[in-house]
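Consider the two complexes below, in which subunit A is the common component and subunit B and subunit C are the respective partners.
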Partner chain A sequence: MSEELPKVLKAAGLDLLSCMQCGTCTGSCPSGRHTGLNTRRILRDARKNRTAILSDDALWLCTTCYTCQERCPRNIPITDALLELRRLAVKEGFMLPEHRRISEMVMECGHAVPLDEETKQKREELGLDSIPETVQKYPEALQEVKNLLKACKFDELTAEK
Partner chain B sequence: MEKLSLFLGCIVPNRYPGIEKATKLCLQKLEIDAADLPGASCCPAPGVFKSFNKATWLALASRNIVLSEKMERDILTVCNGCYGSLADANLELKKSPELRECTNRCLKEIGMEFQGTAEVRHIVEFLYKELGPERLKEYVTIPLDLKVALHYGCHLIKPSRDRKLGETDAPVFFDELVEATGAKSVDYTDKMMCCGAGGGVRSGHAAESLEMLEHKLACIRKAGVDCIVNACPFCHLQFDRGQLAVNERYGTDYSIPVLHYSQLLGLALGFSPYELGIEQNAVQNIEFLAKIYEISAGLR
Partner chain C sequence: MRIGVYVCHCGLNIAGVIDVLALQEMAAELEDVVLAREVQFLCSDSGQEGIIKDIKENKVDRVVIAACSPRLHEKTFRHVMEKAGLNPYLMEMVNIREQCSWVHADDPQMATQKAFDLIRMGVAKAKFLKELNATSSRASRNVLIIGGGVAGIEAALNLAEAGFPVTMVERESTIGGKMALMNEVFPTNDCSICVLAPKMTEVQNHPNITLYTYSEVTDISGSVGKFHVKVKRKPRFIVEDKCKGCVDLCAAVCPVEIENPMNYGVGKSRAIYMPIPQSVPQVVLIDPDHCVGCGLCLQACPADAVDYEQKPEEIEFEAGAVIVSTGYQLFDASRKKEYGFGKYPDVITNMQLERMLNSAGPTGGRVIVPSTGKPPKSVAFIQCVGSRDKTVGNEYCSRVCCMAALKNSQMIMERYPDAEITIHYIDIRAAGEMYEEYYTRTQAMGVDFIRGKVAEIYAGEDGRPVLRYENTLECRVEEEACDLVVLSTGYEPTKAAEGIGRMLNLARRPDRFFASAHPKMRPVDAPVSGVFLAGCASGPKEIQVSIAQGSACASKAMQLLGTGELEADPMGAHVDPEKCIGCRTCLEVCKFGKITIEDKKAVVDEVSCYGCGDCSAACPAGAIQMRNFENEQIFAQVRAATAHRSQSPFIVAFLCNWCSYACADLTGMSRLHYPTNIRVVRTMCSARVNPEFVLEALKGGADGVLVAGCRMDECHYIHGNFDAKRRMDVLKEVINGIGLDPRRLRTLWISAAEGERFSNTITEFVKELEEIGPIGTELKVKETGIKETGTELEEVA
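This part shows the complex of A and B:
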């Protein structure tokens, strides 16, 4: 990690320096009640440029519910900062295999959750067209999505490193 | 813009088409002009894409927005995730000339340009602001004698900085819409807690996601309700299919029916559970269906 975490976060408008480590974030966290996610500690570690947090799976236990951000007495956009840390982690090549598969799915069919046979049948039972009016019905639209993702070099980002 | 385009996203058309059908039936009945949005893709999923790369997230979201801009319609979403992703992207692109320029460079590759002329709406906030519970009541033909555990979901109201739908610890606007159908919105412990699916947690950390869900289900069961009502197909999937997974994992016997708000409203507007796809859910609760048919037949 060549860049320093606090600097990257600050450049994104996310200044963690006002964090007083009160723990309201962790105390409010629905995930932290049941999992190993400790938001307060992530903020502290990010501020101290402890880059090990990027490779820690705990970063992906946040459901992005924004409760910590709403309750932070210092008005730190905590969830936004966490998302920024995730983006840095991905840049460094840390990505869960399940998330890689979802990315591949979108690159392949334009949907994170594509149509299956069971749902086609359910659609017909309801009197809906078996194929919905989405990218799945229009090959030229799907090609657009593929070209757009390629223009963003998304395939390179999500390729296994 | 009074004209809307209906953005389906992924889970509605591809897993829970009953929500698509229910939404279309309700919009028609309420005389709201919402056209299909042909060629739309994944919003893209905020938990994964927003977590991966901002430029890609903005590019894919803006393509969907541009499709609606071209139709000169605002986007109507029926999913908190799609709403969060598209509304956030729309706001960021309208606010920042740099992000807009960068995104438009990508869009140019497919001959598109983001103009910033469309708004992104969620069906719940749309109905609340544009119609309101009182006018909605006028359309109700079958008042629903039901006790409901309402789940707002996170991205409908948060971050409040951008959503501007009031405070987020005890909001009431969605409860008012639920009660406009005749149902009673019952308070329960941790009502505002997340369902545990978002942020890529359901896909990436399934066990932890189910643990959060189990807590939520236990709180809901204690409240003694007829069904859960949500405004997000991802929460819907978590509550419905997740319930079976929770039962398998914890040996519990949850069987709480799960309805999207469009389906609840659809019942009150006189449509049957079959027409609204409620019977297609993973959770099969015969008692609930019998109760609905009794209510519809005027037997309760």
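This part shows the complex of A and C:
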């Protein structure tokens, strides 16, 4: 990790420096009530450039409900910062296997959740085309999506490192 | 015209660098100068007497003093003029010490040349000096105090005791403010009303104080010394003189229950009620919104004081000064939805708790859980509700709530020793005399402190409120039920004070409280002369500070109105009605509201004008002039400077009196050297600098012009340097349009303490101008290149 976390966040307009560690975020977090997620700690770690948080599974326990961000008395864009941290984590190769699988799906079929046989059948029963008007129906369009993903190096980003 | 020029040696301070003899000889040759002398110490008695002698014997009628900074001795020499029988304003000082000998000791020859240029500029201005007289006018000695809380009460009693008439206007039905509602007060745990009530009574009984309660100021016009005030007295539906205050009789028969606004929702009163038992005046009032007009109280009153037909009354009077002590209002806790105030009955505010703790309050001093009517076994305080919270627009700390929560914890523990008390805080702010000790004592009593802002409150299964929060010191999310939750709501400026602010043209800080003239050095002066700020009107503060400010305001008002006469500084703005085109530009420029339009002409309130000169620089018709800084005087200085471009590059600098000129003086006092290329013209504010002055300097051959003022937000005229900056930014474009390099006009916003930066700026500017070349270099390049632009400069100027 060559870039410093707080610097990257600041560049993204997500300045955490004014945090007063009041804990409103953690106390408000619906996920943190049941999991190990402590939002305040994540922000504190980021501010102190502790890159270990990028590989911390807790980073992925946020449901992005935005309650912490709405309640923060210093108006810190907490949820947005968390999303930015996730982006950095992926860039560094930290990604849950499930997310990696989903990314593969997108590259393969142009959809995170592709059409399965069961859905196809249901559509037919309802008198619809078995395949909806998406890239799944048009191989040349799917190819364009694949080209696009390749062009922006999505495959490299999500590949196992 | 017979001008006398005096060159001071100041021992070797000046003479050690500058050739004062040569200076004296050259000065003597100047037009209209009848004599020039060099003197060892001009400010000494013999120096002063010499000048007086010349004025009397040699008929000298104008004097130019080349010596130290006018900021040091201008008053001295004005006094000399007076003693000699001349108008004190027919004297001009030339600064050849702080801004010459002390900063150019490395180049005596150029320092002497610069000193001579400065003298020529001074003589040129002296020719246009006019006699000025400080006008004095009668001032009312009456002081209006808006708001009868503890700050206003203190101010009123101080003034009244010193013999000043006071008119106090209070919006509520009793004076005493918030302090009269509290139980004990920190850090002494005195009974609040016990220490305040005697003062409240004294206000009512003092022969020098006229008290209007249940009244509002509806209009204030005029200015310092003669504010014209209108007050509306709202009907109480009770004849004040007749009511004996025996509220039992009337309230006992009243069938209507209401919430007494003084009790913040705790308990009930009747529609005819005494606001608090210790009310001053001891007069009941009827709530017209709820009274059904049954007439029972009318029959019950033995004093025949009830009058259902009472009408509002308007009163008008004059006041010489105004003390704004409008106090604060508490943050509306229902705005923090996550705490459920108004939804959960057992979530209350700190003021409700104060009322419960008050032994003369609605519960007789018992703290009760609203839903059960029983004393609480556990109480949780939540700090910073509506303070330090951007989501509700209150970024500031309310300063008092930490101590108030500590105090109320102690009070609860004293009365209910078994109660468990927790204070949920972000930071405990206990910074005051005896405060930290008070905090420690509270901890020693067993009050628990949990660091972390409570995130939300919900109703538990047993109906009790449950707090959810992160205990940040233990990094753990916790949930805890308690019997009673107290929200420590923050302080906000009162809504009612907004109107007062508009009437008096007061400035507000970003936190919406009234701004003082200087946040550090002038804490109780409003930026409007004759107006003072006491107590929470200028921000949250505790009782002792409010009292100190009340006294300070009284002292300021006494100082101002002591003689009953106000002397106006003659150096204000004045309008030439012949030239005024009635365009109203100046009205917008004058942020102090000192200019009005009468008969389609601008009129300046000269008594209260601050003298910045912003209006004068903005006037498109040249109709507004600043006395002693008139256009022709400044033009004369500029022309005299550029008449002999004695060195290259040649810079004319306009420095504001308060920060940048003072900074240049400091640079001298610090003996920081810089190049001699700068010739300074002093103005009161950078906003005085008319763009034409700059163009005149460039036209005359100056290679560069410096316009300097205070740092942004530090202007002594609040907005002056912003206006100056705007004008100079536009002017840079104009200069560019003419074909000149816009870098020839430089601005500098500097504090009086940045000597090194001043010296560096001059050094850099000289270097930059050397690179650009003499004025007009760029025009010649263009002429030979594309088209002629030679005469445009003259046209624009």
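For the reader, a short list of remarks on this structure follows.
Just so we're on the same page, the second predicted complex is superposed on the first by the 161 of 161 C-alpha atoms of A that agree within 3 Å, B and C clash if a C-alpha of one lies under 4 Å from a C-alpha of the other, contacts with A are read in each partner's own complex, and residues count from 1 in each chain.
Criterion: a residue touches a chain if its C-beta (ideal position, glycine included) is under 8 Å from a C-beta of that chain, and two chains touch if they have at least 3 such contacts.
On a predicted model such as this, the values are computed, not experimentally measured, just so you know.
By the touch criterion defined above, A:H111 reaches subunit B but does not reach subunit C. Contacts of A:E70 after superposition: both subunit B and subunit C are touched.
Between subunit B and subunit C, B touches the greater number of residues of subunit A. Residue contacts after overlaying the shared chain place A:E144 against subunit B, while subunit C stays out of touching range. In the superposition on chain A, A:N38 makes contact with subunit C only, while subunit B stays out of contact range.
Legend: residue contacts after superposition of the two complexes on their common chain; A:T134 is shown touching subunit B, with no touch to subunit C.
Shared contact residues of subunit A with subunit B and subunit C: 33, 70. Here subunit C touches subunit A in the complex through residues 338, 384, 388-391, 426-427, 451-456, 468-472, 475, 477, going by the rule given at the top. For subunit A in complex with subunit B, the residues that touch the partner chain are 30-31, 33-35, 57, 60-67, 69-70, 77, 79-80, 83, 86-87, 90, 95-96, 98-99, 102-103, 106, 110-116, 119, 122-123, 125-128, 132-135, 137-138, 140-142, 144-145, 147-149, 151-152, 154, 157-158.
Every residue of subunit A that touches subunit C in the complex is listed here, in rising order: 20-29, 32-33, 38, 40-41, 70-75.
On subunit B, the positions that touch subunit A within their shared complex are 8, 10-11, 13-15, 17-18, 20-21, 36-42, 44-56, 59-60, 63, 106-107, 109-110, 154-155, 158-161, 168-169, 190, 192-194, 196-201, 203-205, 208-209, 211-212, 215, 275, 277, 280.
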